[in-house]
């Protein structure tokens, strides 16, 4: 199974009808390409708007707190009551402590959900593998949002992250991210050993986001 | 118009069917007591679940960022696309900088929504009045969650917050919060000059949350 | 008494022999111009290196914690044991919550030391005045480090900050900061009602930092 | 070489003449027990006060920033100009992101200084080993400050941290911490494979801190 994870970030399109259009395209994509999983990591307020359209939703972040008097925080455990499959954590734009990651992974697993953690480097990816998340995405921060694809500019980041992670825990799928701006970039990541890609602007800032999503899914399905 | 603001915080009940029950009670309360406004400050993932039930929703917090590459952050401006009337900010459990508050107030006002900021003390309430939020809630942190009502234990906090805020900007409604655990406590806050109350556990941890809400609304309507 | 406050920030010169040279110049300046006070806000590790040279030292920041198990934090109260007169807080580059500021002001005053808080705008300066710090510096963040002096580019920021602060607490001296790059800029700030200036790069990045300091002190002494 | 690392934390004694007394005892200890290294991790303002007394000083924390306009932050690189051998980082009371740790380790090594990072668990210790710090201290947070020594209550934490770290990078010394309250506790940690201990209250809150330090050094020297 190949993985296309789309991070809505805080782009305006993630809050508007475009979000719905993307969710519909995601739903269509997994019908057409049945060896591809499409995960949408969406802004927290959107989960109930999109959950009826595409069922493979993630949050973009959760907090390392339990239920209680914590105004404005989102307890990891609350995922048990939300229509999402899991959550992203430790994205390059939202780094957290190892303790936060460790707590989140354990809590998310207790409630039977998934967690995808991000790493800047193969070294950080290896470090995080010790905590046994469900997936690890490696994204060199200097390429994020540049349109310069990691799979072309720094292929060794992908290959060495895959190798390093699998030396610690063989079964963890590694995704590649940063600068992925075309179906070719995504296909190239797969060739390098990634199980999928984590993308954002290529879909969220596309003039035809649904079409961009379908094309990425197609490339991954090959 | 009297104001009953209910802060869901991160209580588990705020994520379950109890949240729906509370929203229904809020909707009923404003029909019965037409001089009372019931604001529900809800966890961000719940907004689309509850917006069809009670229309006077707030978020519990927003971030001082613009749209863009900011994974897991909630831009103040995004309220323009969400089915909420406004947001809480600077709650005792989620303190932010003055710059954050100033940015949020300006941005929220640009998009025609509301913002209620919290203060620990009359002094902080006066300070925040300079930034001209729509409402200010004063809550002595040492009483939050104790069941010891500010309106009985520290009535002078309410009266001096009202006076101090109105000396800066006369029109800003001041709410009282912390330890409000009965309709009498709420009524007492009104007597002291507050326009309403900000409560949490009295509803969220009640065995009959809908009933608790209705009783508070009734007390405020007198 | 006019005030020349020099913020060492984290410039490399603040950690080297240049720091000593600046401290010597400060000591000389207050001997020559006896109506000018020269405050050096220095990196915390430097206090014991510089305290024998110039006695009017401030820290650049302190934490809102009490003594105890708090590795790597600097309790406000610890100033009682350090050879400094006070501390800066809430600088544009290190914003903190109102609660943090309130705690710090109260604690610093309990131990008989001073605190200078920074504000981005006249509105924030007025808000902070309610907490009664010893001094308030107003610095429009968009001018910090630009070399475009607030006293020329935005004189109304200074005049309205002075007016707004004094409406709340008449005795608090207001300093002007951001872009002050010459003795003339400093003199102009005084004309506009400021009691002094808060500067950084004009001294810390000067080829002749001691000379730059003396010239600023001279301009303020007029 | 055995290692006795004493974390001054933010205890009041770390800011007073007691700090000097401890530094003198440290200096004496390394003269008496020449197979023991005594590292003092001290509050940043104390470095120039203590550097003439004991030369093996660490900071308790540093920030992941370069020199520049960063009021109140302490650049990792600034250690090149300070009379310290290195720094602690990621203590249980001051957790930071992996990116922060990675940056700090690289920067500290560029300038030829040392860095000791802390881990809550053997798993976190293994994760951090990938970043190749000079030393790793493992401290179960639930035992810190309790007086219940990790070496007795959870010996398996020490043995498995040592094993896990050495599987990644064989040469990294592992220290044990949390609840170490007697020379016996320290000796026991050595038996379990640790190269030394990281302690705080046993010295900082001792009625005879110098004596306590000497006794720990003696136990480690055996």
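Remarks
The chains carry the letters A, B, C and D, assigned in the order they are written, with residues numbered from 1 in each.
Everything that follows uses one rule, which is that a contact is a pair of C-beta atoms (placed from the backbone, for glycine too) under 8 Å apart; a residue touches a chain by one contact, two chains touch by 3 or more.
Since this is a predicted model, take the numbers as computed values, not measurements.
Taking each chain's centre as the mean of its C-alpha atoms, the one that lies farthest from the centre of subunit D is B. Over half of the residue numbers found at the subunit A and subunit D interface occur in both copies, marking it as a same-residue contact.
One finds 37 Å separating the Cα centroids of subunit A and subunit D. With each centre defined as the average position of its C-alpha atoms, the distance from subunit A to subunit C rounds to 45 Å. With each centre defined as the average position of its C-alpha atoms, the distance from subunit C to subunit D rounds to 34 Å.
Chains that are in contact with each other form these pairs: A-B, A-D, B-C, C-D. Those residues of subunit C lying in contact with subunit D across their complex are 7, 9-12, 15-16, 41, 43-49, 59-61, 65, 67-75, 78, 81-82, 88, 91-94, 144-145, 200-201.
Taken in their complex, subunit A has these residues touching subunit D: 90, 95-100, 102, 119-121, 123-124, 126-128, 130-131, 164.
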